[in-house]
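The structures considered in this document are given below.
In the two complexes below, chain A is the common chain; its partner is chain B in one and chain C in the other.
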Partner chain A sequence: MHESARSLKVAAWLGWQIESNWTEPFLFLTYSILKPVASALILVFMYLVISQGNFNNPLFAYIYVGNAFFIYVGAVLLGVSNTIVDDREHYGMLKYIYVSPIQVYFYLLGRGMAKTMTATIAVVITLAFGAIALGVRPDFFTIDWPLLIITLTVGLAGLGFMGILLAGILLITARHNDIVGEAVAGALYLLCGAVFPISVMPDWLQWAGRAIPITYWLEGLRRALLGTELVQKLHTGLEDFSTPTILLILLGSTLLAILLSIGFYRWCERRAKEKGLIDMQTMY
Partner chain B sequence: MSHSWAIETENLVRIYKVKHKRGDAESAPFKALDGVNSQVGTGELFGLLGPNGAGKTTLIKILTTLLLPTSGTARVDGVDVAANPQEVRRRINMVSGGDTCGYGLLTVEENLWMFTQFYGLDNKTARERIGKMLEIVGLQDKAKSKSYQLSTGQKQKMNFARGFLNDPKILFLDEPTLGLDVQTSRVLRKFVKQWVRERPGRTLLLTTHYMAEADELCDRVAIINQGKILACDTPANLKKRLQGASVFKLHVTPLEQTELFSDLPGVSNFSGHRRNGHTELNFILDDENTLVKILSAVQQSGAHLISLDKHEPTLEDVFIDLVGKSLSEIEEQTGSVS
Partner chain C sequence: MILFLRTVLGRAYPRLIGIQREKSWLIFGVFLPLLGVSAYVFIYKALKSPPEFVGFVILGGAMTAYWLNVLWSMATQFYWEKETGNLQLYLMAPTSRMAILMGMAFGGLVSTSIRAAAILIVGSLIFSVHFTVVSWWQLILVFLFTMVALYGLGMLFSSLFLLFGREAWHLSSLLQEPIYFLSGFYFPIKSLGYWVSIGASIVPITLGLDAMRQLVMPSAKWGFLSVDEELGILLVMSIVFVFVAHRALLYMENLARREGRLTIRGQ
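And then the complex of A and B:
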């Protein structure tokens, strides 16, 4: 097996061992699945209160779906990037990982896989709840499965590499720093139209949103689940793009993000090796 | 180059920029390695001996691709560590003796298994090596324990075992026996020696500040202080430098001023420091008759002689001869404890 495949496989195994702390199955379920589902639902109920229970506005479905898939963003970004903090500061193992012949990108992506899996369960539960209890597109037969699968896969890969970019920042940040990931996820929540169409934001924020692959990813997922026509009718700022165009932009911007992340991580790694940060333990 | 060394450094310099607090830009660069030239041959058990802060760990970090040199080059198995780290990593492994790290939720076996997989070992080989290493460090009965349940020393042993799993061509051990009990240290030293002997083509570099460890284990020893290699030879040859000289160790009641001893004629090198409530004086004398002058100087200073011992030169004496201070004296001055 090649180094890359080995790194991915072993890292995924390790990530899973750490994530699924089976000595505390209840804690695991609560933290990994119930918590994201609950926070996704809080927002939905807020909407329902404000709109006085109006399920029928298609904008509700639009918000619901975007919000549900956004669970992935925090999970993947943090799952990948916090590996650096965990391995270095918590387990003290980053140097030994680095001394062994791993392929670091695959290692980091692998470590993020467990969180991606638990996030998948949370996303599915949230979507199922929407379909069953709130009437968000309960019809499985009209879902555009190929579009869904392609969009989901490309988007998750992109998210994984954005996690690597964050990992680079954490690698050269002197202090134990969990906040970076949360802050980035928060900003993306605002910019990428997770809970409202980007068309409601001021122009300059809209442009920021348009520059991020996640915006197109969410749009693609919504179109796959809710139907292109319905989504385009909502005038969310991306209605002029056909679905193949959305897919193309998603692909292109994801590729760009991947290259950028790899380049940036390399640069960070070099800085870290110049400054002796790979085995630095700050807090303990 | 016709001969290829297992480890080779040329003018290796490492400067740490120390940032002061309060955010001021003023930083005092610190030279941890100051032009290190060294060559370690394939099959050698090579020791790096020096006091705390000498630069041993810094050198190991550079050689194991964790740190970049500020200038100079380092090659491991002929591969430049800065230019081609991945190629180096395929050939090496490293253990920091004091480390008690590990993935606490994994069992001891799983912690080790994980690393065998990074190196691409097949399952059978992996199991065999893990079993063998656990036996050597005496952790067989802990194989199935979660590693967070281990004691400090047991964690160190687990980490020690990890270093040998991939049967590396070149192995780096940074103070492998630090903090371990006497019996365990002895077992590990024996194993280290055997490991190199039984495997032609394997090279091992270890750092230590235990003189005896260096003397007992190493084919060759480099004495390093303040980032410079002061001497590098077999322990026997190093000690031969003091051939003809007489080496004395005196213990006297506490003495404030010890400088006067170094100025006595016939004293080739001297080191004195406090230890356990008395003062230890180490002399290297060109001429044994100088002892008489020393004893009267002790008496004049008002101190009393507790013990006097003449011995064969040790690496400690070689160190005093080179640096003008004993290892423990330096470590007291720098205030570092390990």
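And then the complex of A and C:
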């Protein structure tokens, strides 16, 4: 237990250094602000040209909040899984990590924690920009804080463990390592209805979306911030799910992700050691 | 001159042959942008927008392939070469560096065009978008000038990035979403207002995309400048960017040599 906590802490510190020390603090701050704000502005202008400047439609807040929180998906999921690619291919350090007194499973989660920190900066900036410049200002007193905190925490944990699953796949594959993560994030962006209600998609895509826990995570966060009634009125394709049901699905899927990630990563690790893949450098 | 052309072809060769050797890249190259394009199309559908906006997104989505190619396979290319230890071999080779950059650009342009065309065709089929070309010769000229200017900009970036270490990756990453926004990849650039649009036009794809949209979706009426004006500006940009890239390459190479940054790896 002590070793797990130490691995987590050291990896989170290392991850933060890698994420932030490539430049001066000012440039890092600019980078942290520009990327998420520009992503949000794309949606804002897409909305603006159609709505002629009317920001009062609750659909806008629904789109905006979903986009802001989706930043976590790319960052945490890929932050955990891409550690394998970075440490093995780029820095050539994975083999040293494996021979050091550290638990790699927790090391990966720790690296994901560092990404969570940088993503949190981006999410807060995006939400603050929405509140200040665009009027996406959830009422502080009507926000469902317990729902927000529980949904956010459980969802982030779930993303971390899903990242471990992806890391396992990357550990035993030689090619397309960068692309696999992007493909997963891209598919989730579409299927989970990060920036639109899933009800606008064809039925078969809606069912695919309903099979992914992140869809419920985003729905829970939107309900917590914007109000359950308002979100349900938009007929997003999830209006028949009560908030406790959404929480239950989220909890269940996170527990499943924990169990699967432990078993699957162990299997991948053993296979990688057998095949000599831990220090593989493909230059692919 | 022959050596110059041979270098161009020699550097373009791995990029052209790469399409043959690793066909899965083509699948990912089409599949990945289509996911993003589809998401943006569904936003417009949720907003009940006029159908031409779906066309805007698909054309913009196809053009993202070029911008990504310029960022990741032109601008950061010398950084990757430095990391893999190839850069010093390039610099020792008895040939023009400009020819190497042009080869990279030519190879990248051809392979990316296959991807962009596939995105355009598949996207149009999935979302039933019909394009009506007003003038083929203008469309071809706009595309050619946009590409020359864009890859000229890529060559300029490539020489600037010669000095960078890890920040090259982050800076390329930083030039994605902000340029998607400023160049109006998913919405008409005109909506940004006159002066912001003028500023954003420093990236050739901004005017190129706007002109192409006017030429293939004439009913949309969202053009920023007239096609002729945009053509003229793109022509000037093509000449200027290639010339400046040439000068910058000489300067940055000398600077990198003096500061000993050409062989630093894992920075």
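Everything below uses one rule, namely that the second predicted complex is superposed on the first by the 270 of 284 C-alpha atoms of A that agree within 3 Å, B and C clash if a C-alpha of one lies under 4 Å from a C-alpha of the other, contacts with A are read in each partner's own complex, and residues count from 1 in each chain.
We adopt the following convention: a contact is a pair of C-beta atoms (placed from the backbone, for glycine too) under 8 Å apart; a residue touches a chain by one contact, two chains touch by 3 or more.
As the structure is a computational prediction, the values presented were derived from the model and not from experiment.
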{"item": "Touched partner set for A:262, first chain B, second chain C, both or neither", "value": "neither"}
{"item": "Touched partner set for A:100, first chain B, second chain C, both or neither", "value": "first"}
{"item": "Which superposed partner A:148 touches (first chain B, second chain C, both, neither)", "value": "neither"}
{"item": "Touching partner for A:179 - first (chain B), second (chain C), both, neither", "value": "second"}
{"item": "Touched partner set for A:91, first chain B, second chain C, both or neither", "value": "both"}
{"item": "Touching partner for A:46 - first (chain B), second (chain C), both, neither", "value": "second"}
{"item": "First (chain B), second (chain C), both or neither touched by A:189", "value": "second"}
{"item": "Chain C versus chain B, contacts on chain A by residue", "value": "C"}
{"item": "Touching partner for A:7 - first (chain B), second (chain C), both, neither", "value": "first"}
{"item": "Chain B/chain C common contact set on chain A", "value": "23, 91-92"}
{"item": "Chain C-touching residues of chain A, taken from the complex the two chains share", "value": "22-23, 27, 31, 34-36, 38-39, 41-43, 45-51, 59, 63, 90-92, 175-176, 179, 182-183, 186-187, 189-190, 194-197, 200-201, 283"}
{"item": "Touch list for chain C against partner chain A, complex", "value": "24, 28, 31-32, 35-36, 38-40, 42-49, 53, 83-84, 165-167, 170, 173-174, 176-178, 180-182, 184-188, 191-192, 222, 266"}
{"item": "Chain B-facing residues of chain A, complex", "value": "1, 3, 6-7, 9-10, 13-14, 17-18, 21, 23, 91-93, 95-102, 270, 273-276, 278-279"}
{"item": "Parts of chain B lying in touch with chain A, wherever the complex brings them together", "value": "16-17, 61, 64-68, 86, 89-90, 92-94, 96, 99-106, 110, 114-115, 117-120, 159, 162, 166"}
